[in-house]
Amino acid sequence: MNAAVEHVAFSATELLVVAIARLLADCRHVIVGASSPIPGAAALLARACAGGVLHVDVLGSQRHNHFTNGGVETFDLAAQGRVDAFFLGGGQIDAEANINLVGTGDYPASAVRWPGCFGSSHLYFLVPRVILFREEHTRRVLVPRVDFISAPGTSAPGVYRPGGPWKLVTGLGILAFDRQRKRFALESVHPGHSVEEVLDNTGFAVEVPPHVPHTPSPAPSVLALLRERVRAEIAETYPRFAATL
Amino acid sequence: MIVDVDSLVSGIADGTKLAIPQDAAGVSMAATRALVRRGVRDLHLVCVPIGGLQADLLIGAGCARTIETSAVTLGEFGTGPRFAAALKAGTLQILDATCPAIHAALQAGQKGIPFIPLRGLLGTDLLTARPDWKVIDNPFAPGDAIVLLPAIVPDVALFHAPLADRHGNVFIGRQRELLTMAHAARRTLVTVEEVVARDLMADPDLAPGVIPATYVTAIAAAPFGAMPVKFRDDYSQDDNAFLAYVAAAANDAAWSVWLAAWLEEAGAVSA
Amino acid sequence: MIVDVDSLVSGIADGTKLAIPQDAAGVSMAATRALVRRGVRDLHLVCVPIGGLQADLLIGAGCARTIETSAVTLGEFGTGPRFAAALKAGTLQILDATCPAIHAALQAGQKGIPFIPLRGLLGTDLLTARPDWKVIDNPFAPGDAIVLLPAIVPDVALFHAPLADRHGNVFIGRQRELLTMAHAARRTLVTVEEVVARDLMADPDLAPGVIPATYVTAIAAAPFGAMPVKFRDDYSQDDNAFLAYVAAAANDAAWSVWLAAWLEEAGAVSA
Amino acid sequence: MNAAVEHVAFSATELLVVAIARLLADCRHVIVGASSPIPGAAALLARACAGGVLHVDVLGSQRHNHFTNGGVETFDLAAQGRVDAFFLGGGQIDAEANINLVGTGDYPASAVRWPGCFGSSHLYFLVPRVILFREEHTRRVLVPRVDFISAPGTSAPGVYRPGGPWKLVTGLGILAFDRQRKRFALESVHPGHSVEEVLDNTGFAVEVPPHVPHTPSPAPSVLALLRERVRAEIAETYPRFAATL
């Protein structure tokens, strides 16, 4: 309150990158899957902030990918328990954090077909902190019940499952998933958005605590790191994305 | 052992179970064109572990009856359009999978074991869609359900690599899934950017990244043979080619025109 | 990450399940001496897939309680003499195995799966001696009996390699079982001929033969650290050292004298 | 009969190398295990005679070993069905071709302990032509019944077993194993030895056909190949053995 707060303008994308990087602060090893520029930048930013202690592998990168055992290494590494965080998306995500990467309508003749499950049906079980990331926050995406379960949010007792959903980050806010109670709670709303907007655009019930903070704005020093070092690093894999930072 | 691209694909008969890599690992678009030109039919594609332009094109050209894959994606250009259309039309059998399942099943093929267990999968609709996968009670820990996957043994593995030598050794660098594919498959066909005179196995620095000749059935030189797909640091994805492909693939008439034009192109694939 | 040899082995507590490679792959005799000096006890040795001088010496020095191995051999100098003596005396628990079983069980550890099937083994006395291996009916082909091996997850993998860098990357070349050991083990300790300044992962020719730093707990420089065992093309087996070892190991009194002398040597192991 | 036969003196070792090489003539891929100089030289000789068509991997060699997937590759390759021939020894070999690489007396406190099973318990099942090679041909080695079965000579119907014992080569002769009838038959006796000598030194019954030929003497051209090219090649892995050739 006493100190003058320095204000630096930032984009919605920058807010997301910084917010996700914050979630990765105490991880030892983070893997970022294909076609994931924002999580990729976030992981590299977390690494830059951690002073090099954090191992990051960005699939699709040559420089920021240390795998020497082929495509299987991601999954073996996760199954060994060495991966702390991973990102998954979803054409649909439902109230119990089930995700659908396959399509809508009657499988297999899907009305809308998405690419497929990728590694979700395995990694969702094994990585302790799976961050669901989907920029679009609408009732089309956040549905009561997915049409196809690529990976279930929770499992019956007795199922080997050291991992699962941890947070859901969207263009409107951050939700936390409670695995015991099988439901999402609203954790923060991004600046410029409101709790009402989140609820209006979510197709299922979400717990809302009495006070929902705004997702913190990026600190100027972190923004500087993002715009210089991380922007240069992520450009190798996502040149057009880097140009927008 | 060193042949031209047309001879290379002559070993891929109708109905072949054909393993192909994901875009980042080295996709032989040169061989794909030769294969479509020859009019191959009823392929069972095994995408290791996902398919891209190559798989979508083979489906669109009517060459594939079945696809086993964890995804078909053109990256930022979305789901493979001919793949999605074929599924909706019911003209393609899909064996949806998840990346580690394809890797593990291929490793089982490599090891000559009939099956391999994999964690995860329980409670997914994927498991329901794959009656060929079995759930058993872990014999070492009763009450612990676990999925068993049958081994994948492709008839042919087909991919693109940077270098080969005249002995039939192929350098793949860090793209280790190509080695697993070659070990698991009965036959392996490779296009390469360059065939070199020196023995790749004789260089102790390069040898760790080599598939030895034992596993390699035939090799064809095909410079820029992955285009318009990205290949290592050698060349980037040709975005304009992808845009033209996606636009044409959106409807059947435009697609036929695109395909005919692509098949007539003589040189490197420019889509 | 880069430490001295004594610090390196300080991470190997009594009772550790310790994976060690076969002679040809790179054996850390330097770390072995530090370990014996420290007086480690009750090791469970996992030889990948066979043991040599290192295993025999650890047994002779009273450091091992259990050994899981497909053989203990000094090559042309025959069966490990302290190994054979300990078995006869009943002071060593033996888990006899066969090479592909150790490899496969370690690969199961690498893949985080609880077990893996393996062909062969049926009708052997090995199977009788290993109640921890189970025979099931192949769920994909009733009437086809097959052996399941539980995964091996070593506490520590310990080996010698040619190069490491300051980031913790270790170059192993074609000795791929070292990578499997590092993937499967909870911690990996490595001695190397040389620690280099450059980044080994940045060289696309060398990277395919590298274990990335993720898997590597600590590294110590130990030039000639495999002696008197052969190490790649760098140095040959010291036959005189082996002869002296075998002669001393033939009886308990001579052995104690040999061991005390060996432990007092300061530099590279010359046996 | 008409042509004058050129005579070149050869050693007992050379006879063995050439005799084994002859057995490998129509193979595509042969692997030679550790500590096997004579089989190693034989495989390299067979390769030289085949004009390069035959793949040979000599374990322990750098130059004549093409594996790039570590120690497991030998076994995977065999399980894939790509290996035509492999060599196994045995502290004991019995009438039904069971082999014992573990020891004599009460296991595990063996009276005499040998190194262990190595890969035998797997490869004996998978490689179509396993050549048992043991120079010592005595009743101590060739016993009625082994004390420990490292690998069985035959298996019950229904056991997956594309491979098994094919020949037994010793310092006295060559025996062929009949998997159906579960017994050895004498195929040839090395020059300087007799059928009686073989029978006297074998601890089990062997079928003896009416006429047992001598193992053919090495042709001069083959001996020349062995003494020049193959001797140089095997010297990389077995220098002292090469010096004796």
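By written order: A, B, C and D. Residues from 1 in each chain.
Basically, a residue touches a chain if its C-beta (ideal position, glycine included) is under 8 Å from a C-beta of that chain, and two chains touch if they have at least 3 such contacts.
Computed from a prediction, not measured in an experiment: that's the story for all the values here.
Chemist: Using mean Cα positions as chain centres, tell me which chain lies farthest from chain B.
Modeler: It is D.
Chemist: Write down the chain pair with more C-beta contact pairs when C-D is set against A-C.
Modeler: Comparing C-D with A-C, the pair joined by more C-beta contacts is C-D.
Chemist: On a C-alpha centroid basis, what's the spacing between chain C and chain D, in Å?
Modeler: The answer is 29 Å.
Chemist: Where the CA atoms of chain B average out and where those of chain D average out, how many Å apart are those spots?
Modeler: Result: the chain centres lie 40 Å from each other.
Chemist: In whole angstrom, how far does the Cα centroid of chain A sit from the Cα centroid of chain D?
Modeler: So the centroids are 59 Å from each other.
Chemist: Would you mind listing the residues of chain B that make contact with two or more other chains?
Modeler: Expected reply: 104, 107, 111-113, 118-119, 144, 146, 174, 176, 179, 204, 207-209, 233.
Chemist: Where does chain A touch two or more other chains at once, residue-wise?
Modeler: Chain A, residues with two or more chain partners: 62, 67-69, 72, 75-76, 79, 126.
Chemist: When you draw the chains as points and link the ones that touch, which shape shows up: line, ring, star, complete, or other?
Modeler: Per interface graph, the chains form some other shape.
Chemist: By the document's touch rule, what are all the touching chain pairs in this structure?
Modeler: The set of touching chain pairs is A-B, A-C, B-C, B-D, C-D.
Chemist: Can you list the residues on chain D that touch chain C in the complex?
Modeler: 34-35, 59-60, 62, 67-76, 79, 101-102, 107-126, 148-152, 155-156, 158-160
Chemist: Touching residues of chain C toward chain D in the complex: what are they?
Modeler: 22, 24-25, 48-50, 69-73, 75-76, 78-80, 83-84, 87-88, 90, 94, 96-101, 103-104, 107, 118-126, 129, 143-146, 174-180, 232-233
Chemist: Which part of chain C faces chain A closely enough to touch in the complex?
Modeler: That would be residues 110-113, 169, 179, 183-184, 201-202, 204, 207-214 of chain C.
Chemist: Touching chain B in the complex: which residues of chain C?
Modeler: Its residues touching chain B are 104, 107, 111-119, 134, 136, 138-141, 144, 146, 148, 150, 172-174, 176, 204-209, 233.
Chemist: In the complex of these two chains, what residues of chain A are touching chain C?
Modeler: 29, 55, 62-63, 66-69, 72, 75-82, 126
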